[in-house]
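In the two assemblies presented below, subunit A is common to both, partnered first by subunit B and then by subunit C.
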Partner chain A sequence: MAAPGLAGLFAVYKPAGVAWSRVREALETRLLRELNAAPQRAPRQQVRFLPRPAPEGGGAVELVAASVPVLADHPLVRGPRFRKLKIGAGHRLDVKASGVFVLGIGHGNKLLTDLYNCHLTKVYTVGGLFGKATDDFSDTGNLIEKTTFDHITREKLERILAVIQGTNQKALLMYSNIDMKTQEAYELAVKGLIRPMGKSPPIITAIRCLQFALPEFQLEIHCLHETQQYLRKVVHEIGLELKSSAVCTQVRRTRDGVFTVDDALPRTQWNLQSIQEAIRNCQLKVQTELEKTLAAHEENSPLHQLDGTQLSMLCRSLREQHNTAESCQRGDGQQKERG
Partner chain B sequence: RIKGQQLPPRKRLLAPSRGQRGLSAETGLPLTRSFGYCPSQPRHRCASQGCLYLGCFVKPDSGWKKPRRIQPTPYRLETEDKISSAACGYGFTLLASNTRDITKVWGMGLNKDSQLGFQRSRRDQTKAYEYVLEPSPIPLPLEKPQQTRVLQVSCGRAHSLVLTDSEGVFTMGNNSYGQCGRKVVEDEIYSGSHLIHQLKEFDSRVVQVVCGQDHSLFRTKKGSVYACGWGADGQTGLGHYDITSVPTKLQGDIAGVNIIQVSSYGDCCLAVSDEGDVFGWGNSEYLQLASVTETTQVNVPRHLPFKIGKVKEAACGGTGNIVLTEEGNVFVWGYGILGKGPNLTETAEPEMIPPSLFGCSDFSPDTRVAHVRCGLSQFAALTNRGELFVWGKNLRGCLGTGRMEDQYFPWRVTVPGEVVDVACGVDHMVSMVRSFT
Partner chain C sequence: MAVWARHAARWGCLLSTARAAAELPRRLGVAACPARACPEPARRAVLPAGREAALCGLQGHRRLSARTCSPPDCAKDAAFSAPESNLPSVQQEQAKPEILPDLNAKILDEDWDDIPPSSALEVISEEEAVQIIAEPLLPIQSSTLRDYVDHSETLTKLVHLGVDLSQVEKRQKAGQLLLTLDFEKDVKKILLFLKDVGVEDNQLGPFLTKNPYILGEDLEALETRVAYLKSKKFGKSEIAQMVSRAPYLLLFSVERLDNRLGFFKNELGLSVKKTKDLVIRLPRLLTGKIEPVKENLQVFNSKLLRIRERHMFLVFLGRAQYDPAQPSYISLDQLVSLPDEVFCTEIAKASMQDFENFLKTL
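For the complex of A and B:
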């Protein structure tokens, strides 16, 4: 079955303790249930000549014309109208992490790849606990070591964070594949727009301490190309640098590119109407960000290698998604008839 | 040949030394406490990068490591004492500690003009080493060696100055232009010379010594500046272009002004007054002083009327100059790689380097540049977070970035600690680093 007019990107708040694929399946099931529950079009009518016993009696049968619904259109014969929805997931979150999780429906899946190629930073709130070291760097793993932490002060932690930020800033410039000798590299460095636009190891662009109450502490980390396990490892390494040990208690993504916690739908709002509204609200942000990044990194991105026709096709597809989302907004609540 | 000196074994910083063990009540796991590093006294050490060929410094454990010609990233130098002052000259380095022990100054590198004093050769007791490959103590003829402290050292092309707190300034090395402050002796042989001259006659105590390429500047507590040495570019600032062999007070625009800092490395000199004004004299072939005069040599200190705010610190290089204002802004002018991309190669008026290049952003708005330093064609800036940013020509890897290309805008150097001070030379740099915890 073709798309029901539901297409675009939206964000969902993934709770901790569930795998991302479960979230995606739960959303798909819910949407399918709501779409199939909507009133369907009336079945086609056809004229059939139905036999009726003759009023004269005596076994004679006469044919009477009647308009009856076509049996092939009966819901029990056709089955549910929508059986699958194409929902794609953006940057994944592992089981223990929670936070903003971007999903795309229908044509929005193409925007997912474009957003991935923009290489925007993600913001995490990471909670840590001094004094323990476990094998998988989180507080639910097997305990390996316990250490003292009374010598740790906020000042020492901030110094370590400054070092981490500095070394990652170097990595940022190195992996962005810009020739350092050009004036353009200088100008991008001044504006802070230098970013790796290809594959790179995880890079932390900014890190700072939000709360510090021994033995707990909370950090805000802006990063690129990371995994949540890498962030837990960073917490562990901070513990080692401070001559103690630390485990990570919480990893929460508060921003993924342009989607923030305010845009993310909580579990109570995982229904068709909220999702359509969310798609509508975010589409403008997504479009401006894509255009800005594609324009700024024209020379470096592989888009530069595309010739004119391919580039115009990409722009047209972007516009089409915009139009589809608009028409979806107009047809709110109505089911479009598509062959 | 390396002297057979045993150095203390390198201590590993990151692995906690297993200290006392106690059983923790909850899980029965032993509780580890890392001690051995007193938290209130972070360790100080020296790191250097650049040309190794002439032995400006050498790895202490080079007995088993393959000797390298170039060190493109910072390498740690092990010294017994805490180094408080370092200076890089043209092919040699001086390190000084302000202890009361007998040995206060170490030197390494070129010693062809005895700029590191007399380094007695082990093979022949009468001859001296021409190259010193390890930080070796420099014997100073102090009257009270166990009370005097060395405050600062400075190195020029082939001479060095050592400033003490109570015994004046000691000079050694080449004196063909009178830069050591003593009369020029014709056909003097400087190699293997025992002569270390002591200078005491100034109007008040000397608080800063600076070496230019072939001249020396002394700043006294009263705020006056004395100079001696070569003057063909007017770098002595005494109103003539001859050599001076006795330190003489400078007049001109700085007469009566309380100078709080002087700087020089090539043939141009800058001085900063307590009110934030900048004065310059010396070579101006690279537009260093072109804001006040068209002539290429200025032999009298002139006030440089820049409208950039109150200046806190200035540093002079071979062809470019850099100043730091009270607000923490960095301005550069002159010729060469100035730090604003490859397009800006020369300017007579100071241009500001955007603070975002030094790590100042919305995330950390209090990051500010605290000190600026200059080598012959490199610049270094230290921020208040203990980060070191370098830019300029990368001769033989002296910038410490790990690459051999020139750096056209400020680039952060990864140093395992907080950088407290840095000294830049022609093709190497030395930084004094404090460990984090």
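For the complex of A and C:
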């Protein structure tokens, strides 16, 4: 049986050290327990004729009509009312990462696919440590090498970050399939809606340094289509670029599309009431974001589908038509003048 | 889910041809004699041979046999006909005017020459109409006990005891077993035996939910096993405790119990007394797999995550003092077992909101 009215999107704060599937199962178990604890409807009644010792005595029994509950509706026979809930997960987080984790219940699962197709950016806080290099780029892996890091300064780090951001910007423009020479492209860029609307490799749209205290540092990364392991690899590569080595100590998602850390429910609030409230609070935000993104990209869709060369050819052909039209008019005019 | 087939001898006739249907009363006569042969279905109607047999899917005319334990139906029947034994009286019933309560029922009288036809539109008297019981037939096969619980005395009494039938029906063959048992004859004896052993009244329901198979066991075998445990110097209350905690214990034969106890004594090298202590506390060791079993400490029961969060919160606040000599010492017990609100206000001296905000920074 479907859950009653419990449908929509909400975010939880996934703790580090558990798999995302465990989080989903824990939520499902908790919600099922609370839903089944609610009072069930009373069993149907049926009329049976039950024996009763006759008032005259003497061992005779007489039948008395009595309304007794139908045992087929008894909770011990029927079992729990809800046995499963459809809870879907949004962008996943691996075991070592923590942060905002979006889930959908019931009809909300359809919104999950819509949100996925919006290709909104996610924001991570990534902590790193200079001086070590491991095989899986995190601080719990097998140590490969140790290096010095005294020569690293904040300016050098920020220079590297700027280089990373630049290369990723080029990739962003390439994968979003817009010709940069058009007016539409400019308008989208002004609104900040230039995004790859299809599959693409991981792209970092913004990266900056939050804290720097040798050997530790903390970065804020805005990215698309990423995995947490990719972010750890980025940290490792930053270490290499700075002629040292680095491992990633923490990956924490602080924002997933429209869901921020404030919207995410901590583990102490994983119960039916808080989840219902969270769904209600986030409904409006999700709706506006979906409408905005889908509308913006629908307006420009005919031009959007053409890539750069096709677009410029179209423009050229339009210009040529315009020129021939003009020359025809001029020709007529000249003819008229002559004639 | 288990699917149970009703006893074919009784119900297969319903789906068979008219000839088999004509044999129905004879077969019922045979089947009703053995005591344990489906006493529950015996409560059900002996359908008059012939057309009702063919109406298996439709509303059937049901007359109840005198064998039933259910008095109201018995008494009703007594008023209506004289079914001291349904079996020889089949001819008698056939001779009676066939009264069909459902006027939509088709009458296939072409094939059965030996049965006097009657019309469904025949007028019947009020008394006769009132005395007809027309209920839908019970399904022959079902994957749930819901369909049978209202008609089965055993199941009804078990539900009143507190047995969770929705869990029992998921077990293999457990539902079939319960349907074939008779409350007065079999189940009662075993329940009394369990009470003797020491299982509490309110525990009988959960016990039977976990172990419905015990109702099918032989009473003597069960008593032998309890005698064996007593011979090993387990006290009465200790046996009661073991049986309550590990419902499957009494299903094991004496040799198996012996092997298991011997295993614990020899492999783990424990003395007799220690084995006894261990087994009394954790009788599920005996019923579980024979693999080296680690001590089950409460603290490490996958609450590691919770402990880690609380510890980090205390470190963040500067209150992580685990040295008993220092002031404001926090014991491991307090760290682990207190509920969240108490932990926050008493130990960490912070609000729940602070704790939640901290959790979101981890």
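In this section, the second predicted complex is superposed on the first by the 285 of 339 C-alpha atoms of A that agree within 3 Å, B and C clash if a C-alpha of one lies under 4 Å from a C-alpha of the other, contacts with A are read in each partner's own complex, and residues count from 1 in each chain.
Rule of thumb we're sticking to: a contact is a pair of C-beta atoms (placed from the backbone, for glycine too) under 8 Å apart; a residue touches a chain by one contact, two chains touch by 3 or more.
Since the model is a prediction, treat every value here as computed from it, not as a measurement.
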### Task
Look at where subunit B and subunit C land on subunit A after superposing the complexes, then choose clash or fit.
fit
### Message
Per the contact definition in the header, classify A:Lys292: touching subunit B only (first), subunit C only (second), both, or neither.
### Response
neither
### Query
Between subunit B (first) and subunit C (second), which does A:Arg208 come into contact with in this model arrangement: first, second, both, or neither?
first
### Task
Could you look at A:Ala264 and tell me whether it touches subunit B, subunit C, both or neither (first, second, both, neither)?
second
### Task
Classify the contacts of A:Lys86 with the two partner chains as first (subunit B alone), second (subunit C alone), both, or neither.
neither
### Task
Using the superposition on chain A described above, determine whether A:His74 touches subunit B (first), subunit C (second), both, or neither.
second
### Message
How many Å separate the nearest C-alpha atoms of subunit B and subunit C in the overlaid structures?
### Response
22
### Of subunit C, residues touching subunit A in the complex
71-72, 75-76, 145-147, 149-150, 155-156, 159, 162-167, 305, 308-309, 340, 352, 355-356, 359-362
### Query
In the complex formed with subunit A, which residues of subunit B make contact?
14, 16, 24, 27, 29-34, 37, 39, 340-343, 354, 356-357, 359, 361, 363-364, 385-387, 405-409, 411-412, 414, 418, 436-437
### Message
Considering only the defined contacts, which subunit A positions touch subunit B in the complex?
### Response
143, 145-148, 151, 156, 159-160, 162-163, 165-167, 169-170, 173, 180-183, 185-187, 189-192, 206, 208, 222, 240-244
### Summary
In the complex, the residues of subunit A that touch subunit C are 13, 15-18, 46, 48-51, 61, 63, 70-72, 74, 76-80, 98, 252, 261, 264, 266-269
